[in-house]
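Going by the order they are written in, the chains are A, B, C and D; count residues from 1 in each one.
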């Protein structure tokens, strides 16, 4: 699947006690920006005061060297975000900030609150002025309206009022606080960066471990579902903020598509789980073919799994052009399958006269797959057997993944045969839900609502 | 090899008789910009007059939609360029242009003239004012100082005076002229784009066939060494402009590294030749290992060839981060191997405890390979056997490839064992020159001066 | 006085019922930007919804033609602002906006609230989150926390809580509301723009009448101290929102320096009042001299008055260079009086050997005057008699004028003779407070606290 | 006259032997940019090599502090230019540069060559490649094609071939050369900047003395008509480069409109000559009136002269808004006289019921005057007697002033009465040619071709 169909909302990062906090946050966001390329922000803490820099665009474009040097202090949080609206409002760019009575507060959020509208109405009636449309702003107002000056206590009370997915990184005038919703929907990991010669280290948190790899930090563990960690001068304190933990509902789509293959997510290598999905796919949906071809880049690990399990040779039959800017200008007269062609070019010499198994990580709208298959046929492919390394996507996500509406999900509108015909494949095969969950099993239980419609039943709001 | 070490000078494109000439040129350059990302330019022809747009940066950044619409006319040429100087002078950005007595002229050049300095001195003595430092400007002055008004005749006379590598695309007030030097050093291909319902088509030329694929053009043939093709209202006319053709000296490095794998270069699929190089490498330099790992992306085809020939399983053990902007800010305190890490991340889960064959397309300075091997060891690799899919690079290129100076070429400074030790590998193996030339043999004879020091003996200047 | 010393906070503009509301607001702000050149914003109303555009810089740079076309609707308000901090925070740029329960609200403010800090503390305790540091934001929160849905009623309650100077222009989802504080400190005028062939007109409000002149609107009258005007579909309704009106405290500095000379302010021509000040100055502080020379441009009207009353000929002895960008680069080695010289150039031919009366509108820090006098002497002036068309500035303004702190006001630190010596004049004369107030007397009573220290005694907060 | 009607081509500046050469050139151009605001360039000399920076826009926008620091060396030349084409070609921005056999050369030119086209054709036939459309480029090619290595000798030969107006400033790899055409059409002055404690000074040249004032340089004398001055390590050498000097043909329009009033041009104060013109105008064209009103800013000096000579009081009845950016957006529906109104605002309070003498420096197209008079009548003027401080403009300038074509010059198309009626004045009066020339008489003889049609008869080309 090319990146146009699904979009995760964001990535979060936090660091405490580091002589290069702003630079590390910048690099952490750099490593995480496959999760959001539309805007980015960093807030640092020094002498109880915050400094912030935010902007639209890729991390490398938002921050200058001067910015990073201006972002003084040994603690920082950062965020990058994919905005679903055409033009990201500046006021929606995270970290969100506010000056509370107790001091400045900054907050970065990955996930989505399902009771956003009712909370917003409730808070507006109490006089809250909302700056943007972000669901996260509710959390700020819940904190602002709580007269208690102990931030951790206020947060715990706020967590009783919000429902949905949240991996939060919060910077106050004296603490770094991170928390993960009780179902553990979005990932969040904790690590240490050893920077000093005498064992000094900083605490780091990030959406994925690939951020740790880049800055040379060491992976400690996941932040647990329902866990709040408070880091300050006195050290790190952890507590589970709910009385009773519900079942884990980790997002299986992180393993299917979103996370980087070189990350460990929910304690499991994404590359390895994708290879397992590909191998299972080969068993569930075999094909008589000469070559296994991935849709690059995200389909490569599952293709390798498929190839190995089936014994059919793997070839990089479609070359991806990485010198693509953020935009390009369409010709006025149409070129067939142009939008896909600018990124992907099938190789005639490799594919000509061959029967292909084409493996993609997922199939959402179907329009891209249709174009890819057309290109493969133009390049001389004799047969195209399309294999999808997850089940049919039948429902949208309400927990932080920007899936299309149900009407645009081809699997909710057409039968298996209709889809196969629509995309122009000789055969079509999906991985079963059971096999998918089996591939990620070592990580525990998962939310697969986009595949099976079993949305999470949240407890009532306090 | 990561793209920092070698840099090809440029790509050229031309089109004649197309209702969307400027848009097609833009897209052609888009597909070709792996050959040069520092500047780009397009010149179009309408009513015997030219329009031009040029600028620094990626193709997608240089041209706006308004630019393309302003670039009116059914004929166009374009160029993108990698500049070896820090800041490309605007006056060096191609196409170079001049107003001759006969009218406007624009010229785009891939390659390098070896008699640049003597020509320049000769022309200055005749009163020529040079605007920039480009060797190509000599050609313009040779044309300007020729009193003949027949451009093709002037060009033939000029070709007797210039020596070196040149794939040229020229737009006058009434013709599109393309030419390739007698040794055929740089590639140049000819195609047709069928755009009309009644068989109408435009002629297109480009450095590589991947440009044809994107715009839906059909590959006709290579422009031949020593061939000049004149395209105008009356059609296409070809001639060989030298009395006697020397031996072909096609650049073997195009197949080793520069060209896109999905291009056909010198009539041969680059992907296939690279796989052959990998397979031959497996035979010449076998290794006891658990996995074959490519240095992505350029090392993937030869790795696949190595894996297949050796039977050792292929794994994408290093993940490349493609969300890298043009620049990123270094942390002030050093992170080990940081410069490589921002692009490449080895996967602990895949590599831990394994004996690896790591395949790269070439080994130039050695500094990047050293860092990659260090990262692989940090990720837990037990052994690293480094394999290079070409011979040791011992000399610079004078024909349009921006190789480092001899002193920076590790193979010209150190012995095989010293290099192996320097990069920290358990063993090191290179492809032999013979095997390399064997892999590209179907395409004819090649220049491999950067490997064997046999530079081309150009005939005396007329 | 050159514009570096004093800075008025802002200008406001509003229009209701105009087919070109955004363009008229743009032009109104254009005419008013002597009051603030650091940032600018426009909000329009269509179908009960707002559109806004804001940015840093001059009006002509902030808004593009596309912006004005996107700003749809027949009602609009606008603001331009001088920020006292180096870099204006985007969140401080007016109009300030909020979504209240009743709908969107936008607010533009000229003036300054003196109880900003206590209000802010009071509102934060009630849970308000402040986005910026603007005193105006308090008004938004007072409205947001009022459960009443009648905006005019909420406003009247808010006016009881705020103290200080305010000329306000407010756009709700259905009304344009304007108000002026009970002392009438800052100016605000009401007019009509006749745009239709059948007598259709729009209501306009602006800080000064020069905005009306540019858009071809007709001056109706001042908005009165303590008056709130509500304009909506049903027409215009006015009321005085305080039970008892205090004495008028109109800002005399508007006439001395801030307002454009071609404006009518507080019902009085600024040009005429300045000429009167100059004439009175000639009587109070005569001098034996050959020429009267203004410090251009603001000193011209009072110089003309001085010249006429004294009979000493007027000459434009100092030429002002208007081709000055926002910034220029200083030479590293100092040039004497450079900062003034870049703007002002005395003419040797005119001044050489002459005894000069130099008239400026005010004397604040003294540094600029000192440099001007030095330049005049270098140009050959024989004597320099410096005359200031207002009294010594001894105190800062708390009502919307950005005066330096007391320590930087030369008249609060030095005696008359010390100042004369410091600036290097042969004699120094100020206009008396009595003569100043006499010059503006037809407009009523004034605040002259910056001259006489008599700050306004605000009534207690409700 | 507002600045839209006439545009002088450019300003030149040069400096030799100054520790802050680039900064001084920048400031000199700053002071001179009333002569050209569309583009600007600086070239410096260090160790026989040049550094250059050029760009479109105001001086303050073209050069950054880094640019000035990069422009190393103790000698520099600069240029600013008004381009008559909408978008200045980068290749036309001065200083023009070339690398000759003898080394780098840079050239800045104020004026216009009348034999541009024939020279260009002649040079093209000899193989010259022209980069832009500037007439100045001919001089570079004449030098490049001259085999002599003595630049001064080459220049003298080139001066025999070029005809027209030229004030030239040239920087070679070892000399600063300045020259003025034999008729002395455009101004050029020589000065010294004393920068050292031991009497060290640099030589400076500039179009007008206002540049000297800003950088603290001392005026020495004019560069003479037909004089070439060579400044190098050995000092300053002057020679007259023609055998016989023709009559001086200094441009009278420099005094009428172009030059800054605070400059000394052709040895005469511009402010003083303009006052004399105004006084003469009062005698030649008296009027019964209550007030004398200038069209600001350029009409102020002549208005003062008129007022003094006539005894009618001077008032600044029209206020000019200087907060005008380079562009503003027009309202879609027309506002009467809008284009003038954005800059000029008549004051009702001053003008109402009054009989006015309105003085402008010149009257070219008549459209602006018509609008101004309409505005004055709207503001309540009872009578408007329009007075022009020069004769009727009946012909274009071919020597470096961008006058409209003859068809657009109202005085070449209409009678005196028709013009008076067209602009809507109660009476119209022009200064006579005799009186004009009398006002500038102390400076010698003048070209007044735009008023009297007596164009210069150039000698034949060698």
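In this section, a residue touches a chain if its C-beta (ideal position, glycine included) is under 8 Å from a C-beta of that chain, and two chains touch if they have at least 3 such contacts.
Bear in mind that the values here come from a model prediction, so they are computed numbers and not experimental data.
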Please report the smallest number of touch steps linking subunit A to subunit D. 2
If we look at subunit A and subunit B, which chains touch each of them? none
Chain-centre distance (mean CA atoms) for subunit B and subunit D, in whole Å, is 51
Report the inter-centroid distance (CA atoms only) between subunit B and subunit C in whole Å. 62
With chain centres defined as C-alpha means, what is the inter-centre distance between subunit C and subunit D in Å? 36
Could you draw the chains as nodes, link the ones that touch, and say if you get a line, ring, star, complete or other? ring
Every chain pair in contact, whichever chains are involved: A-B, A-C, B-D, C-D
Which part of subunit C faces subunit D closely enough to touch in the complex? 19-20, 23-24, 26-27, 30-31, 33-34, 37, 58-61, 63-65, 68, 195, 210, 213-216, 260-262, 264, 269, 271-272, 297, 300-301, 304, 308, 313-316, 319, 321-329, 331-333, 335-336, 341-342, 345-347, 349-350
Could you please specify the touching residues of subunit A with respect to subunit C in the complex? 90, 98-101, 124-131, 140-141, 144-147
